[in-house]
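The letters A, B and C name the chains in turn, as written, and every chain counts its residues from 1.
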Amino acid sequence: MANSVPSRTRSSAPPKAPSGRPNQLFRNLHSKIALTPMILVASVIFFGGTIWTVIYSFTSSRLLPRANFVGLTQYDRLWASSRWWISIENLLVYGILSLIFSLVIGFVLAALMDQKIRFESAFRTIFLYPFALSFIVTGLVWQWILNPEFGVQGIVRSLGWTSFTFDPLYNPDIVIYGILIAGLWQGTGLVMCLMLAGLRGIDEDIWKAARVDGIPMWRTYLFVVIPMMRPVFITTLVLIGSGIVKLYDLVVAQTSGGPGNASEVPAKYVYDYMFQAQNLGQGFAASTMMLLTVAIIIIPWAYLEFGGKKRG
Amino acid sequence: MRFRAFAAVMAATVALPCIAQAADLEVTHWWTSGGEAAAVKELATAFDATGNKWIDGAIAGSGSTARPIMISRITGGDPMGATQFNHGRQAEELVQEGLMRDLTEVAEKGKWKDVIKPSSLLDSCTFEGKIYCAPVNIHSWQWLWLSNAAFEKAGVPVPKDWNEFVAAGPKLREAGIQPLAVGGSAFQVNGLFDTLVISLGGTDLYNKVYKDKDEETAAGPEIAKIFAAADDARKLAKGSNVQDWNQATNLVITGKAGGQIMGDWAQGEFQQAGQTAGKEYSCLPGLGLNQTLTTGGDAIYFPLLDDEEKSKAQEVLAETIVDPKVQVAFNLKKGSVPIRGDVDLAAANDCMKKGIEIISKGSTAISTDQLVSADTQKQKEDLMAEFFANESMTPEQAQERFASIIGSAD
Amino acid sequence: MANVSTLNATGASMDAVKTELASGPRGKRPKRVMSGRNIMIYGILGLAALYYLLPLYVMVVTSLKGMPEVRLGNIFSPPMEITFEPWVKAWSQACTGLNCDGLSRGFWNSVRILVPSVVVSIAVASVSGYALANWRFKGSELFFAVLIVGAFIPYQVMIYPIVIILREIGIYGSLTGLVIVHTIFGMPILTLLFRNYFAGLPEELFKAARIDGAGFWQIYGRIMLPMSLPIFVVAIIIQVTGIWNDFLFGVVFTRPDTYPMTIQLNNIVNSVQGVKEYNVNMAATLLTGAVPLFVYFVSGRLFVRGIAAGAVKG
């Protein structure tokens, strides 16, 4: 059904005003009042703040924002920096894997939890509790478990398998996977929770119909249930995606970007250059590039999803 | 209104000795470890004794966590009473913006120009002829800390300088000892490199590169030698799987590693472990070669406040910081060197005395934090972190990038 | 989610709709307790639970050891001698600069920040989500799209603009300012969450209420709110966790006398010099995490009850 039709029906006042249509501005007045905070945040903070950031990325601002424009200098330097390239590469690897694993693990766990199992609340609490702990701590614990001397590697070796090697945090080639393990541990519980809420919103009749038709369960999930859970997936995608782009604390707590530059990520580049190097211009240039990338991916999708015609 | 608020504070905190001028002053800093906190306590006690009250605003996690918070507070129009920054250029722009308080009067009254040694410390506080901060202490980077037990185990005498240390490397490896302990974070390898520049290459080379920012020198044969030495260090450091600098120091303390290049703050760790200089560990200022130390450290800045009583208290705090007695008490706890040459540190340990001697002889250089901007420092850190972690990066490649950083440095 | 509503009979009574929305778990009901299928399900869940529990085990075990035992190095071995000293130290003795009263110092500050921030941010976001789902007007979706893109901006980048804005309004450094900041940064995800949820509710419900003459706020209060328990629980989980664990905003936008607990946690965990007291770190972590964990536990039950209430008839 076309979106514009129901929403207009919904929004227009009941036809009791005899003197024609009310003023456009006052139509749907309560909704407009209710959305004022959102409009302010979206336009002033996010839009305004972004524009501000972009403008100052063309300046040579150091500690304080100052309007001495230097053209594309900051961008030239950014793209000449090997650390920036490493950061992007890491984010790509982490992002893609994290997206896939979070969705798969989250959904599978939720589907299993949805089988009328016993101890459901115990399992749910177990899967969700890591989310309660801050990244500083998550990083610290996993740094410990992955420590080659007294973590997993040390234990396996002491059991007699002396050639066993598992030291992701000290090996530049695989360090990003070490961070991924911790990131998934912390975040998949919430994904599971969202998926579960979504599964519980699916009508029982769907399952009945599928059973009557003799469709195997996995097919019902794949071709009926998942498409129906579209809004949940969208929420989850935004949640995971924004978490990936902002990945910072976990890296700092686990490796500080090391060994060397091997686990650097863009958000850390932005932060380090804004505050450690006290070069706001460079930090803003890096964050503008991040935003641009996000915008290229998100805006067409957001337009289709929210600006288009269908509902949900 | 103010009186009423004040009365409430009075009621809550029992009585303060001097009502007329007393004020609470919030001081933000990142001195949070055991020794550091003990040092701050000396400062706070001395300040409280003047009838004012020190409100402690400690933020842990090193300056990079704390500084954005301090800067936001100051630019957000809700400044603290006083705040720590490192010697150098971190607060430069805040001073230029007129957000900081001019301390020239206090400095003249206390004859800071005469008593503060080396004078470069006060120069860092000076902007357009006015003084904007009170230096607190001096830290130097150029120290090689050695584990006597490790060398005994390897069957080699404890080295007298860097070259002997490098030569002893293979023997240490054979004995199953990590020759050089280096933590993973970037500031450590960056400091190590700068130490090599001044201790191996000499003060002139150091000044040419960092003070004059001479790209040609940075690309030249003398720095090539330093990169070759850094390559040695890289090989010796291979296998030290630690992150924090104090974990690396701990490897030296426990004899698992032969040595570490780290600033004089490392001796606090040896002290805490109950070790004595000369007995369990040795220290080589200037890596046993060029006996020159750089004089970095901390300073306290005072944001401009509207409140008159608080402004008075700021002046009192500035005087307190430079006071000779406070200097001794603070620096003994902190393990750093006082900023004035006219105080007696009889209680200092052997390593500290060596440092004080070198500094009082005037054999000092300005720290890189004061010479180059934080931005340049960060770019160097990125380069050094990559160089030390990535063995496929040759010294020549690294030097090329180093030269271009120096060329664009400010 | 047009599908749900089309499946319902158009004239369905409100009760029926409510029941269908909040019905219980799906799938075949288990016939035998030890069927192969069950073994597989519990096997996988059990394995997953192990992965999630391992770090907790390490934390708890470590927090109960003394420092000499921690130095021995085996992080998986149970404590030989149980001591609660690290817990006591983390709660009431660990130092932040000169203040040696541990996490207890910031606990009530954290609560004072948490409660209004959670309430305000969820209230604003749920109303926004409701308006976006049911009362759209021209342009509302555009702002929403901007809001979603905002979710991807690293917080650190926004600090300067927000400091400037709050300074100009004159609420920099106050609790109000901090609550606003938390509301702003919670808004994208929460609004999306509520919008999708409300959009998923059957439209007939809304139409029926409109015909009865109910207005914007009446429909929100009488129909939408009572039906949205599960999503409120999810929103509370996200906000409580995010705000309770927040360090950056808490420290930038408040003063030392109102610093939240995370600052002490940060100081305990990130203390650069001296020996790292892992046992105290772990105890501090668990103590700090206690509040969100408690909320999960309580709200988790609500979550189940909210669903179970509808499932009786289903």
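In the analysis below, contacts are C-beta pairs under 8 Å (C-beta built on N, C-alpha and C of every residue); 3 or more make two chains touch, one makes a residue touch a chain.
Model, not experiment: these values are computed from the prediction.
Novice: Would you indicate which pair of chains has the most C-beta pairs in contact?
Specialist: The chain pair with the largest number of C-beta contacts is A-C.
Novice: What's the farthest chain from chain A if centres are computed as the mean of the Cα atoms?
Specialist: It is B.
Novice: Using mean CA coordinates as chain centres, what's the chain A-chain B distance in Å?
Specialist: The separation of the two C-alpha centroids amounts to 39 Å.
Novice: How many angstrom between the C-alpha centroids of chain C and chain A?
Specialist: So the centre of chain A lies 15 Å away from the centre of chain C.
Novice: Going through chain C residue by residue, note those that touch at least 2 other chains and give them in order.
Specialist: Residues 156, 160, 266, 270 of chain C touch two or more partner chains.
Novice: Among the residues of chain A, pick out those that touch two or more other chains and give their numbers.
Specialist: Residues 149, 274-275.
Novice: Of all residues in chain B, which are in touch with two or more distinct other chains?
Specialist: Residues 68, 75 of chain B touch two or more partner chains.
Novice: In the complex formed with chain A, which residues of chain B make contact?
Specialist: 64, 67-68, 71, 75, 90, 92-94, 97, 184-186, 241, 243, 373-375, 377-379, 382, 385-390
Novice: Using the touch definition from the top, list the residues of chain A that touch chain B in their complex.
Specialist: Of all residues in chain A, those touching chain B are 62-64, 81-83, 143, 147-149, 167, 170, 172, 255-262, 272-279, 282.
Novice: What does chain A use to touch chain C in their complex?
Specialist: 1, 3, 6-7, 10-11, 14, 27-28, 30-32, 34-35, 37-39, 41-50, 52-53, 65, 105, 108-109, 112-117, 120-121, 123-138, 140-142, 144-145, 149-151, 154-155, 185, 189-190, 193-194, 197, 199-207, 211, 217, 228, 230-232, 234-235, 238-239, 241-242, 245-246, 248, 267, 270-271, 274-275, 280, 283-284, 287, 290-291, 294-295, 298-299, 302-303, 306-307, 310-312
Novice: What does chain C use to touch chain B in their complex?
Specialist: Interface residues on chain C, with respect to chain B: 95-99, 156, 159-160, 163-164, 166-167, 172-173, 251-252, 255-257, 263, 266-268, 270-276.
Novice: Please give the residue numbers of chain C that touch chain A in the complex, ascending.
Specialist: Touching chain A from chain C are residues 1-4, 7, 20-30, 41-42, 44-45, 48-49, 51-56, 58-59, 73-76, 124, 127-128, 130-132, 134-137, 140-158, 160-162, 165, 183-184, 187-189, 191-193, 196-197, 199-200, 203, 206-207, 210, 213, 215-217, 230-231, 234, 237-238, 241, 245, 247, 262, 265-266, 269-270, 278, 281-282, 285, 288-289, 292-293, 296-297, 300-301, 304, 307, 314.
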